[in-house]
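For reference, the structure discussed in these notes is given below.
Chain lettering (A, B, C and D) follows the sequence in which the chains are written, and residue indices restart at 1 in each chain.
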Amino acid sequence: MTSSTLIKSFERAKEDNRAALLTYTVGGDPDKKTSLNIFKSIADSGVDIIECGLGHGANIGDGGAIQDSTYRALSNGIKTNDIFEIIEEFKKDYETDVIIMTYQNKIMAYGEDDFLKRCISSKVSGIICVDWPWPLNLDFAKKCKENSIVFIQLLCPTTNEDRLKSILNDAHEVVYYISMLSTTGQKLKVSSDEIKKRFNLIKKISPHKKCIIGFGITADTINDFKDTDACVVGSALCREITRSIDEELNPATNVGNMVSDLKQKLSS
Amino acid sequence: MKLEKGIPLIDQHDENGYWGGKFGGNQIAESLNYPIEELTREFEKLRNDETFISERDYYFKNFVGAPTPFIKLENLTKHLGGAQIYCKLVSKATGGAHKAYNAVVHSLICKRLGKTYIGGDTGAGYAGKMLSMAAAKFNLKCKIFMGAKDVERQSINVFSMRSYGAEVIPVNSGSQTLVDAVSECMRWWTSENEEAHMCVGSTVGPTIFVKICAWSTAQISREMKKQVMDEFGEVPKDMKLINCVGGGSSAAGFWNEWIDYDNIELIGVEAGGPEGSSKHAAPLTNDSRIGVLHGATQYVIQDDQGEIEETESISAGLDYPGVSPLHCFLKETGRARYTSASDEEALEAFQLVSKNEGFVSPSLEPSHAFAEAIKIAPKLSKDTIIVVDSCGDSAKDSKIIAERLGYKI
Amino acid sequence: MKLEKGIPLIDQHDENGYWGGKFGGNQIAESLNYPIEELTREFEKLRNDETFISERDYYFKNFVGAPTPFIKLENLTKHLGGAQIYCKLVSKATGGAHKAYNAVVHSLICKRLGKTYIGGDTGAGYAGKMLSMAAAKFNLKCKIFMGAKDVERQSINVFSMRSYGAEVIPVNSGSQTLVDAVSECMRWWTSENEEAHMCVGSTVGPTIFVKICAWSTAQISREMKKQVMDEFGEVPKDMKLINCVGGGSSAAGFWNEWIDYDNIELIGVEAGGPEGSSKHAAPLTNDSRIGVLHGATQYVIQDDQGEIEETESISAGLDYPGVSPLHCFLKETGRARYTSASDEEALEAFQLVSKNEGFVSPSLEPSHAFAEAIKIAPKLSKDTIIVVDSCGDSAKDSKIIAERLGYKI
Amino acid sequence: MTSSTLIKSFERAKEDNRAALLTYTVGGDPDKKTSLNIFKSIADSGVDIIECGLGHGANIGDGGAIQDSTYRALSNGIKTNDIFEIIEEFKKDYETDVIIMTYQNKIMAYGEDDFLKRCISSKVSGIICVDWPWPLNLDFAKKCKENSIVFIQLLCPTTNEDRLKSILNDAHEVVYYISMLSTTGQKLKVSSDEIKKRFNLIKKISPHKKCIIGFGITADTINDFKDTDACVVGSALCREITRSIDEELNPATNVGNMVSDLKQKLSS
């Protein structure tokens, strides 16, 4: 059961007395081979869980840095199958959990059942779908569960307490807390303390669910979140990929260095 | 899938916001859940609030210019020699199209929500222009998202918006056109929804936006019903209402009061694009696949990867890869019939109507509707009444039309 | 020179067609004597013919879109902090200006005369566009005379006219602008008057054309009087009506019903041209010399040889070297006060109004009137009502304004 | 009395059994000196009466050829005084009568009385004012008469009989019949017979008034009018001036040749 490995990744970090580190980069950016190398480099640099974006052009949640990555991948002809193949390849050599983050239309276009089948065969641990909110996603979430894939519900600062409780009640082992009202890659506009207050509320309601904190976290702030369950850095990495490509440097190496640095900050 | 009688079309969705259990909905990021619930609550209150209704009516009358004329096209009727052709001249609304209704209502709602900032998307610039006008009137800060390509080719409209004090944001992602402008506008609202209100420019987007927009444009058929009774003394036995369909806000408003009249045929005309091309902006006619776009389930022009495909139409206003859930629903229930007209047919229709009627100079969007009327009228009897919604004025298209017809501009 | 009460302004001329025994008349070639007598006879009949009046009213309502809104400019009033500023939004008439009234009436007259051909002059293109529209509607052949320079710089309007089926004749003589277009149109009519009718685009030309045009635009004040009573319950004690004056048709129509109310101040604003320039299109403000232009006596911008001088204004519609005999008369009798606004003041007024009001986006002509309102309002009390006739929509001027304000278009 | 010389010119032609020949050209076209030479050349070629245009930019009766001449003169800076000086110069050497044809605003701008004074001092025989119709012109016509200048009333095909009679009743010794509804210089669109019918009506009403026929007459049709009182050729000559200037030929010589030809056609 892949879902159990995902939980283990969190627990391993907890044992280290730190939050788990997640990275978000767009699968296939800029091409299949480089993307696989980036994942490997990230894994080698000590990440706990990899979030792999299955980019969508008409997304309504990505900030500029991730949009750039998405358009680069899409215009290089990357298809959904390519993403699965990258993950499949990656998982041949690595234990690191991979979560797919995507938009509903990508899943619909592939076919829900086919999508899940391919998740299993390529050893995807979980799915985040930005524009498939609770409770509309419950049928699909159930299917995920039946296939031992964690469907990760999203929560945010304006999710009121009733709704929070209901979502948590239906949620699988892992949830995702969007730290602020924004798209990805914007400056953190709420204080780390405020975020942790909400995080604690979630944990109070569901002590046994792992809660990933995302949006706006960079090397500057990551240390604030070391005593949470997990946090994601995304846009900063995507920007690094863009920079590396523009300056004809090796994105895998540079992203890897960045991840090492993040990991260290989180551990210190 | 079944249409109910006696219930407004906009209310025939299920608890999740789906019409026919299938079209529409709120496929949005969690960050938008709260503002959408808030807006839904507020709108349900306002639509039953008499002060609000009379405020709306005041501005519809005094600013949008309701009622717009309902006239017989005598010359065109004679020329085609079949059905009697009438026209609802919505192009006489402020700004030259039906987009003003929605802009006014959203601005009023924005004020009621206690927000002082409003944002909206625009393609050709109509929706944005009218939102800027309304925002200036109601003292709201305004931000308009517009594809960078559209900013270039509709620079006059950009200037107008700016002169009304709006901030125009060129959107550089994707195809740099309307579809990306809507996406970017939603992203902006995701960040700013605590302070700001969002206006979606057509009957698309999450359910509540579909509802507000169609509720606003319903003014068209509400006033037209009176005009029809004045003209005929009764609802004509054989009447066909033809409307172009881009997002679908104009058609939804034009048909709203007539949906329960089974003898009235509703015909929607999508953009067929250039003859011989396959990049049509006609999701209903082409039976394209169902997908999720801008937060709602609908027919979407997309490839097998779920990526939105570029569409191509001479009419900027119809150049949208999705279509309102309302129309998906009307199509599947069989209540409305959808077809398309090509760029060339629309151009010819524009010429025929302008030359014959003078006062009616449809923009390229309603020219698609006229093309269908011109196609079917000659085969119909004098007892058939065709009403075309001339929902836009050609002024904005002069340059495009002139170039296509070989005039030097 | 004295104004009579109880007699319509247009009828206060002597038997030779002179207002105040001095302004107007029929200084025409003998070849135009017959058609002008015919037209004069016919018009006197028609203005007393109920069928004709109801036909006129039908088209005013259904095509021109009467009544146009009468609204308070709350934001501008607050911003200026003095008199209450209202606006008659004539720009919402078909085609975006008051020129449609005259075009409709002339087309109807043309039909009554049994003629099938109509010709008219145009400067910026408004008058020509609306005459083409009306001609298409009423199935008349149509010829529009337009200075070659204007054909170049208003090419979009030229295209519109052509799409309504009108033949546009570029006039290459003289300054190649409006003044030459009117001359050429009169020459054409001299040749073709047996078959054709002529429409003069403003309250200028031989007496009968002044009368027909002002009789047509009088609709503006007729409908506004009702709106004023609805708003205030009575005629306000202290009211000022501000209108731009080019040929003078808009002002004549805006003031018509109010002339007998001595407490209402009538203010006409001419085009003062660029600051520092002397080529003003402001014959009344500048006390230019009286002369004969286009068949009538009036104040004319001319040199000591009686040659028309080139004028210069940012607003194409005000760029005319003569002015209606009606306004010469109103000036000399002291009933109306005339002043001018510069290009720069008009531009500033355009910006201030657009930004504050949104729905009101005046073209450059009424921006001159707004400039005067903005000048005087702050010094006046809250009990003073200023009404500005916003007789044109800025759409046609976007390019000019944008360039002047440094936007890239 | 100059007006008596004008009548004599008509009578001399009558004695020759032909209509009097009038030419119309624009005074000062293209400049003072050339214009004087043209008049001299026209006189030398046997014209009976010279019509000298005092051109006006905002005219409403001139066709294209005459407009061209007018704009040439005006843009070369020709002023009303220049026209009088040309006529004055001309009359020093020639007996040929000169009539001014102009528009009302030119007279107003100069001042009515000053204008008449200058007509007298430069020996102008008559005045035609295109846009000063009967009866508005009666005061001015009276002043002309008092100064022995013939004010020439205009008549046209649509002048109805009542009006025709009234005008003729008020008219001085000479009137002008506009042969068709048109500006100058257009093709004759009515038959010569029809024109002569109207001419005869005028003569029937006022047998003693001389009637000039104008508009649309060229070398092709002039012979048709030999048995009338007088006819004018204008646009054809103006066009010849334009052509001569364009081709850098001598306009005076060419216009003179044309006049000789017309005179011959009228005499044969």
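As a working rule, contacts are C-beta pairs under 8 Å (C-beta built on N, C-alpha and C of every residue); 3 or more make two chains touch, one makes a residue touch a chain.
Remember, it's a predicted structure, so these values are computed and weren't measured experimentally.
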**Report entry** Common touching chains of chain C and chain A
**Finding:** B
Query raised in the report: Using CA atom averages as chain centres, what separation in Å is found between chain B and chain D?
Result: 66
Report task. Indicate the whole-number Å distance between the mean C-alpha point of chain A and the mean C-alpha point of chain D. Result -> 96
Query raised in the report: What whole-number Å value describes the gap between the mean CA coordinates of chain B and chain C?
Result: 35
Query raised in the report: Tell me, which residues of chain B touch at least two other chains?
Result: none
Requested in this report: Quick one: which residues in chain D touch 2 or more of the other chains?
Outcome: none
Report summary line: So the complete set of touching chain pairs is A-B, B-C, C-D
Query raised in the report: Of all residues in chain B, which touch chain C in the complex?
Result: 61-63, 65, 68-69, 71, 75, 92, 94, 132-139, 155-156, 158-160, 162-165, 350-351, 354-359, 361, 394-395, 398-399, 401-402, 405, 407-409
Query - Residue ranges of chain D touching chain C (in the complex, touch as defined) - result: 56-63, 67, 71, 74, 79-80, 103-110, 130-136, 154-160, 163, 178, 181-183, 186
Query raised in the report: Which residues of chain B touch chain A in their complex?
Result: 16, 25-31, 33-35, 173-174, 179-180, 183, 186-187, 190-194, 289-295, 300, 302, 304-308
